[in-house]
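In the part that follows, the structures are each spelled out as structure tokens.
Each of the next two complexes has chain A plus one more chain, namely chain B in the first and chain C in the second.
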Partner chain A sequence: MALVAPENTGVRLGVRYAVLLLVAVVFVFPLVFMVISSLKPDHQLLSDTSSLRAFLPVGDISLNNYVAAFERAPIGRFVMNSVLVTVVTVTCSVILCSIAAFSFVYMNWRGRDLLLSVVLATLIIPFETIAIPLLLLVSRLPWMGLEGVTIGWLNTYRVQIIPWIVDALTVFLFVQYFKDLPKELIEAARAEGASWWQIYRRVVMPLSGPVLATAAILKSLKMYNEQYLWPLIVVQDEAHRPIMVGLGYFFQLDVAWGELMAYLSVISVPILAFYLILQRAFIASIASTGVKG
Partner chain B sequence: MAEVNLKQVRKSFGDTEVIKGVDIDIDDGEFVVFVGPSGCGKSTLLRMIAGLEDITSGTLEIDGRVVNDVQPKDRGIAMVFQTYAIFPHMSVRENVGFGLTIAGVSRDEKDRKVMEAAKILQMEHLLDRRPSQLSGGQRQRVAIGRAIVRDPSVFLFDEPLSNLDAALRMDMRMEIAKLHKQLDATMVYVTHDQVEAMTLADKIVVLRDGIVQQIGAPMDLYHKPANLFVAGFIGSPSMNFMDVAVRQASAESVTVEAPALDPVTLPVASGEFAGGGGAKLGIRPQHLSVVEGNTGGALHGRVVLVERLGTETVVNVDLARGGNIVAALAEDRPLSVGANVALSFDPAQAHLFADA
Partner chain C sequence: MIKTALVAASSLVLATTALPALAQTELTMWYHGAGNEVESAIISQIIDDFNASQSDWTVSIESFPQESYNDSVVAAALAGNLPDIVDVDGPVMPNWAWAGYLQPLPIDQSKFDNFLPGTKGIWDGQLYSIGLWDAAVALYARQSTLDELGLRTPTLDSPWTGEEFMAALDAAKASGNYEYALDLGMAWTGEWYPYAFSPFLQSFGGDIVDRSTYKTAEGVLNGDAAIAFGEWWQNLFTGGYVPGTSQDPADRETGFIEGDYAFSWNGNWSGVATIEAGVDDLVFLPAPDFGSGNVIGAASWQFAVSTASEHPDGAAAFIEFATQDAYLTAFSDALGLAPSTASAAAATKNYSSGGPMEVFFGLSNDQGLVRPVTPGYVVAAKVFEKALADIANGADVADTLDAAVDEINADIEKNSGYGH
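Up next, the complex of A and B:
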């Protein structure tokens, strides 16, 4: 089957590709600028910004900024922290939010619709408004660990993970998807003797690939790329610090631009790899849900 | 195998009552069909038996045990849905064996039962396919296979053939009838198709607005409809109804007439017609015949539509003295639109109903 209709050949096709190329260049240029700049010393980097040389690997090119960046900040540790927090949060989030949505959609219980409305209403509350109350809460929460009961969650991974596991957007995505699954499949499973848990695990989740991909991608991008304010106020020690807070190491009295660009290049690798691996699912999820990150 | 008994069963959605005190007794091994127009509550009633809908009041017993609050999985039922409801992410084998997997049946036992069901339904060659690779009829077979593999006490069918084309529907109808004979199981079947109801059922339950109109054997419903609704619903084409005036009523007969109808005496007990007044005369299209020579006969009119179906010819006639009547004539008569015709009927086969 021909993928291109006859009228789309020739000039029209050329114009279409030219436009797509232009858009691609606009989106790729910041990345190119970042990587190229990370290879230049600060004085050259700043002087090149007024010309196209900013996007070309010319002049004094070296990996010195990377060496300096790794000496200035424990980058490996920060990346590992962010990856760990992201993976655990996203895994717990898709499990718990999908279970909540399953209950909202398929099970009958008193107050169900009201609670769903309340959950969805939290979508409009900006995080900044609850940051301080949440800080006060987590600073006094007990925790049962290997060393016994301790008070306060500050400077831990759990303080970066647990408050972010359940969110209204993820619940909403699952609720909308589950509502569109044929009701008869659930009823057939019930009639066949399946418990609610078996229906969730054996019927609903295997059919939820698209929404799982959507939820996981959106949540991953948020957890890896955008976690700044919360870890900034709850994590003071270097051992648990994520990448975004690590940016502060490069904004001292004088900004080390080259090292900053090297740092940004390094921390972009995991999320770019994640995107490339799930590229097809990412595009499909945006196309199918109309939700963008 | 099991008996199913519904006693004064009611169902409300909010303030709206959809099942209004239903009493039905289904015997062991019986094939019962719930039939009625859309919205009459037949599917709701089936879902209540399955346990997919709560029972607002009344009692539901399966094999003598009250199951109002028993989960679907513990009722010993299996259900086949109109949309097949087979799991798209599982193979046919996994679909058919789903209930057994859930029940924790051993792999060997499960494989044996799945193969048995596949043999009964002649679908051994489909077992490793995905639902997306099956036709509508094959999918319905899988759904039925999933039901029979668990050896349930009661089979529930919710309009299982509605999504199939006419030819396939007839094939599957015969398959289900054969299956009933083979398994000798209690089956409850919901349909709005009266042909399915008439051909499959040992007993038909006619429902309207959540109320049982009549319960009986198919031919009893056809020959002795309890009311106007059943008379109009059972039989195709539908029974003709004519407003008539009761002229005379005796213990064994009632004489009626209408503008389009000369006085005719029906062999029915006077009963509710003793006081005279109005009534409805019902004549099945199959019970009308053409009077040769265009003279005499009870009903005169002009043919406005002729439908030749091969086995019978359906003729729509505008009556000369007002009204319209449909006749289903057994032989292929050379009638054409516009022709004048006289129709007669055997009064013994006509029905008389009190005005609603």
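Up next, the complex of A and C:
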């Protein structure tokens, strides 16, 4: 029976924590730099970048950059737009993609496997290659609203939401998860006369918490953090701009670095809060899918 | 009865006074200045003044971040969603005109005879755009530096020759007082490269494309003059005269002010800030002459009318209104850029006689050379930028310029000569 001496355990723990601390510092430093820099005037921020002072709240510290950033850009509006687009897209996405996946896994219909292959094949198509055709399409699509039928979806929330609701990755996640659920549950429900809709809603979805969290988290990160090119070309009015397009407000002839850092700090709050609330599910989702958002 | 009559009379008065407002036709305008409070305030003032000055048109503005503005306009053009009035960067204008995004300005060109050459966007013989200011580049130096190094102060009439310029850099380098003799602003990428550096190539006798035909870059971007330029350019980096392509943006912004660089190749938009940062003996020197004249880049943002506009007369009325001297002066005072006319310059605090930036107006007027006036410029500019960065990083000069010529020529051919 092998025994570990207490002093060896202490050393190993010390090394382990030292390594973990080092890794944590590497990952946390950019955030610390962002927040600390947001408190400094530009000239000090720039001169501090060559030393450890960049990570320390020293010198001329104030909230002036935050005040100036809010004066320069309608930050509240941009954050609200991004949160709205993200929440609606993610909600619709997990519902529709899970329904599609349910159909692909459990229901038998002609061309099912072929269509699933086609859907998954779209994973390899970069968005940039379809951006222009999609732009031409949405600029001519009709819409029935309170003001009657209008043509064109530009400068709306729907143009930022609807094209992003269904995507191959989310469908794939649900398909893989549903395949691992016990078939007996479905067969038993069918034997007792449950409809497909009832099976989806009462049997499958209650068991799908982990994949719902995974899909929602990955989709949320994509919608909140990465929406730049599409809103750039389909949204011309400021009222509908998301946070990433708003970044450009700080890149003038001379970049307003301090205000930019203040802006980044502010827009990071919703996604950091989202992460802290769903921290365990987030880690589990990364571990289970091997996909990093 | 009396009450009814009063109500009716009031309604009539309201209706008649509201009529002019209702009759105003709305014109939409896109501008690249989102996030620039100073610029936005002035452009908003111009619009308010215009809307109040007449009863036919009312202009509404939508501002975009500058870095994504061009992409937004191109996307809107594809989607058929362009506004009446756009602002366009001077060198990009021919591309937008050729692509059918812009229509010629329905304003008599003679009205802008007194404007700086670089502020007039002329393509295919027609005026498409007009600017309220021009940007200019000069060699920033301290008078004390020139005195300490025993250097002659160059003037517009008598600029430094290429040899004098290199002797000045050698003197600065030998003094040991500076981290680098010259700051070219390598931390700034994109349009800065062709805007700021192609004038050196032109002074050597080369160019980005052959302006006599605009159908090839052969011979001008890879001829003897261009190769001489390329070797000189590479020597700036290998000889340790200038920071390389990995220059920290922070050093670009503060290096000259803090005395790390003896000279800085910079634009007039940074002049006021440099003086205010404490460089009180700042002098703006003209570009050196490498044998074929001394030139600097010209043309900045300008107003134009889109082809989607159903009211080009209204759009032109606004543009003509905006080009009043009072607004040129206001923009210049706020942004530090050179106003388009001498009369407006005389009223500015920086470009008037004895003003700290006065020399820049002369630089723009005498040295300013617009970048190649061709729709193909937008591609050629990117190719040129990459070639200069590669040469700075040690690539073979002749091979790199040959490859750049091939790429530019292939693009011209692919686009059937861009209408030239």
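The criterion applied here is as follows: the second predicted complex is superposed on the first by the 285 of 293 C-alpha atoms of A that agree within 3 Å, B and C clash if a C-alpha of one lies under 4 Å from a C-alpha of the other, contacts with A are read in each partner's own complex, and residues count from 1 in each chain.
In this section, contacts are C-beta pairs under 8 Å (C-beta built on N, C-alpha and C of every residue); 3 or more make two chains touch, one makes a residue touch a chain.
Since the structure is predicted, the reported quantities are computational estimates derived from the model, not experimental observations.
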Fit-or-clash call for chain B and chain C when the two complexes are aligned on chain A: fit
Looking at the overlay, does A:Leu232 come into contact with chain B only (first), chain C only (second), both, or neither? second
Identify the partner contact of A:Val159: answer first if only chain B is touched, second if only chain C is, both if each is, neither if none is. neither
Looking at chain A, does chain B or chain C touch a larger number of its residues? C
According to the stated criteria, A:Pro206 is in contact with first (chain B), second (chain C), both, or neither; which is it? first
Counting only touches as set out at the top, which of chain B and chain C does A:Ile267 meet: first, second, both, neither? neither
Specify the angle subtended at the CA centre of chain A by the CA centres of chain B and chain C, expressed in degrees to the nearest 10. 150
A:Val90 in the overlay: touching chain B, chain C, both, or neither? Say first, second, both or neither. neither
Smallest separation of CA atoms, chain C relative to chain B, angstrom: 50
List the residues of chain A that touch chain B in one complex and chain C in the other. none
So in the complex, which bits of chain A are touching chain B? 182, 184-185, 187-195, 198, 202-203, 206-207
Which chain C residues qualify as touching chain A in the complex? 30, 34-37, 62-68, 71-72, 75-76, 78-81, 248-250, 253-254, 267, 269-270, 273
The residues of chain A that touch chain C in their complex are 42-43, 46-47, 49-50, 71-73, 132, 135-136, 139, 152, 154, 232-234, 236-238, 245-255
In their complex, what parts of chain B are in touch with chain A? 47, 50-52, 71-73, 77-79, 81-89, 98-99, 102-103, 143, 146, 150, 156
